[in-house]
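Two complexes come next, and they have one chain in common, chain A, joined by chain B in the first and chain C in the second.
Right, the complex of A and B next:
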């Protein structure tokens, strides 16, 4: 059993690496994500979401970092969240009861609730071929083996200190 | 082989079992003493709504317990602890020796002490049998009185309305959800309910429940009587603690535990609603009586029982509840009179945000708004992250004072995510529940 388990243990896994400096705010990732996830173009249901900084002169996409000891997974009272072959924490719709405990457990704000299906939803890495990374024209989102790190934090902190300051670009 | 004895198979007990097996793959003896087959109480509202079958409520069936090599004594009740002999004594006199003992006996519902409270068609909603009794009594047009407007009452409100009942919520205090949101939030929710045909009576003290033919007649200290078909008592809970008296365990409201979920008695741990453990924001020991705390206690206790020396910083008090498509969540010390408070209401949506600060640190938050709108933002989880980490967001404070609705960029710039990513309780990545197994 130990061997089987090791497939999910840290180590090499492809993740969504985000390079916010390259993001132009075109929002294609949000559209592609919502289409892949729901079959319709509704950015409000995208699980990757772009924020504006400095009065809409710079942008950063943000999504679930697939954290290692997943808060959402351990919080679920019915064990509806598992780990997919791609290494994504993934909600099984037929088990989820829609209690939203995972949404308050996840401290990254990347677990959502779908009012139409009454289920929790999150980034599942599109089964290993993430739509956001495929459509990003500037490679601000790339799907590759990389460290799970705070890709957006330093960029956002730097923008907050700019002359325009945090007050700029309220979305 | 170490022998772990676990009393209670609810959320805390079950998480302890899976964590032990995650860590030792079967390399220990586990005895579960539980008067109920393991299930999670918080799934009961979805059963009441007829969204899920009875089988869905159980998290572990006897075969699943056997597969995890758990010696499950289902239907057995623990009666006493003989700590000096390292023994648990069961009702009926059986004795079980332990190397480590985990007490996870949860809490029970308490009915308002009024004449008629024990009559027919007056139910608590805490256990599976109680949920079944309520489920069989509700249907289209049934008149139901919910006594108590606390969090638990609200978790079943949607289910009741979905079954077509005519619901009246009765609260002793002057407002609803007194321990989950503040006056402003409660006012918004109360209007929301009234607009959707749910009657709310606040400052109403129930005096008695009488039979009137097949119906129930509720009498109050003041105000008109209320005739209904079924009464649900959501009037509070108390920890199942009486049975540990005389064991030498230090208790207050619950059994006191430290950051390892250890009690004052060697080799005895406590977890969940029964345990009074550290709060992540205040550091003080409290009984949270919520599911996420029970889960964390169970995991931390189990790791230490398995010999891992895992201390954790405490659990965060948090709740979320959906009331007829309005989302209400609160985190941490949202009711702190000493905090600096920034709040804003958007009456037309409606939406409400409240942020509580100590210096540059967010120590509590309330978020409320239409379900359809809340999840277009990342704010629920980000507020949790900010309160839980206590990361310094001084630079954003002035901005948030004016714009309490704009937490996302403050969260991103705070570096909270970077601080969280290496943080784990057990020091290892999660695995899917179905991968937890004993090695043969």
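Right, the complex of A and C next:
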């Protein structure tokens, strides 16, 4: 299974790039994402989540960056996680046994466990047409080609040094 | 199947016994009453008899959302508060946005109905089916922002994972125009709804972002309809300014037509020293470091947080004022420095009173001081036009009911009536005690007649939105005594319907056909613009019937002397609304289908609106 899913790997891929400065915390991405996951609007089942930081003045969505290391894939004892044609690390529901090892292995906290289906679930880039990016009213989430998938680390390091926006010089 | 767009349950909370339970929101009632204002009106009519006044334990406090809340249509976290309110002692219909409606529906409820009165201060905590009244003694005395921060800490939640709607010190001390504020900057402000919450000893409602889902009948069509509404908001000339700047553009626009209330209606001319560019929409926004702080699923560039960039309050994080804030915390009281006004506006949200009513009250005290009707000794200090620190001191006195603050806490009308004479003559209020919005309505006749005849603590119809949808002219002259009441009466219903959807009236400002498409997709109903209007008129008629049953009739449908006075300068100097008042009422009554003498909705209208029981209650069985 992993072999088959991995066949498209290699070369530049499109990822979800997030621009926190543009996010206003409206959570519309969570709604669209949960609709893709469940067919209803249920943010608790979304695999993109919006966090508040710097008090209640700033927000940023975060989701699986489809990192190269793919700890989830390495940790899975039953090889349920592979790479989809869109380049996303993806969970095969019929193989997943719900052991949650991947949720522990993931350093980003973007591997989730569904208490109803007893399976792990995560961002699969909606098969190459991510709903979160298409519904974001402020273009804070864009789907574009990138050489490096991990934008979170540098962003967090930079932001910790000096808060941007309204709280620059306040916090 | 029938649960599309609804959680399907109403949460009942009996504060006297501490019992909470869920009650089905019957499918048959949903299409007739929708949610929000409609659901609230139904509950008021059925459960609050005339002898249950605003401060009676059996009064109901309904915090309701509606079918669009929690769905991806812009601005759909809506809260509508319906209760018998402290200002009019009649029906209340007042809104706030934020995330209330979204989070509540994800917990599985369409509304919360408080009844009874708690022996001790409590807050209501909701996390899915876990509903609990908890001790609020630690929260007492805290303002609304401190209350939310404190509950975030207690519950270990941040951002929109927790919605908190609370009262401030004003509501705790039963200031008659106390409001309910939530999610840092969203205020349901009218008719003393916060006073009712205070009387029931409920400090706050804390709603976690529940884990349940809300289904739509046609989700793909819902996204498409949401996009169409968004496109209309972004491109229509009547809404594009709101899309870009929220209500900031109001200051300059209304000033140009003589509708910006300056110094308690004593003038309509800007002081020469005012830098006009600062008060343009972009000027107000560029004057601050700011950041979007949107409501659920909203793409408007409307609600913002900002940091005060100069002056004594430099560095403080505040909520960007709405037009109403620039007016009530600014122009009305003679304050013309945006940095100070934005600070005062958030002080009002935090202490939690209606910014409009505070403006009329504070402006009145300032004028009375200037003219010697209220002495420095009476007040305890000197309060000059534009004195923001003094205005804040007045706010504190009112919230603590200290000294003259005890009288002022009763609101402009009651305080002015108590003082009487020349002091009363310069007070801005309506006889029914609906607080006027922050305009000089002497040049916006549609809002004056609407505010005086409104049955929900404020206007019922509000500014005309796409009037051509209903065969009315796109614009009428704001001082046309014939066309204005036809417009107000002819569009009556649209706003009440919007107020029932769990959405924001700034994001429902699309052509009614487009808006209806989103409701069709959400609910599966084949609702069209005519049904929407009928439903809204039903809600308006029921609130009016409720007020009539409470003894509030047409005899109080008029402005105070100052509110209805003739402007002495500016664009409409010398134009008098009162010369036309009776004629305007005649036309408004005729257009609305209400009886001019008794104020009642006519029996044939009530039957047409499927309100047989109301017709019988108002007119007797044989009419």
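The rule is short, and it goes like this: the second predicted complex is superposed on the first by the 135 of 171 C-alpha atoms of A that agree within 3 Å, B and C clash if a C-alpha of one lies under 4 Å from a C-alpha of the other, contacts with A are read in each partner's own complex, and residues count from 1 in each chain.
Keep in mind that, in the parts below, contacts are C-beta pairs under 8 Å (C-beta built on N, C-alpha and C of every residue); 3 or more make two chains touch, one makes a residue touch a chain.
All values derive from a computational prediction rather than experimental measurement.
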Which superposed partner A:51 touches (first chain B, second chain C, both, neither): both
First, second, both or neither for A:109, with chain B first and chain C second: first
Partner touching more residues of chain A, whether chain B or chain C: B
Partner chain(s) touched by A:35 [first = chain B, second = chain C, both, neither]: second
Which superposed partner A:137 touches (first chain B, second chain C, both, neither): second
Shared chain A surface residues [contacts with chain B and with chain C]: 44, 51, 165-167, 169-170
Contacting residues of chain A [partner chain B, same complex]: 1-2, 4-5, 8-10, 44, 49, 51, 53, 60, 62, 65, 67-70, 73-75, 77-79, 81-83, 89, 95, 97-101, 103-115, 118, 148-150, 152-154, 156-157, 159-161, 165-167, 169-171
Parts of chain C lying in touch with chain A, wherever the complex brings them together: 70-72, 74, 99, 102, 106, 158-160, 184, 209-216, 219, 223, 230, 288-299, 305-307, 315, 317
Chain B - residues contacting chain A, complex: 11, 15, 25, 40, 42-43, 46, 51-52, 56, 59, 291-292, 295, 299, 318-320, 322, 325, 327, 329, 331, 371-372, 375-376, 378-385, 388-389, 395-396, 399, 403, 406, 408-418, 420-421, 423-426, 428-435, 437-439
Residue ranges of chain A in contact with chain C within the complex: 23-28, 31-32, 34-35, 38-45, 50-52, 55-59, 135, 137-138, 165-170
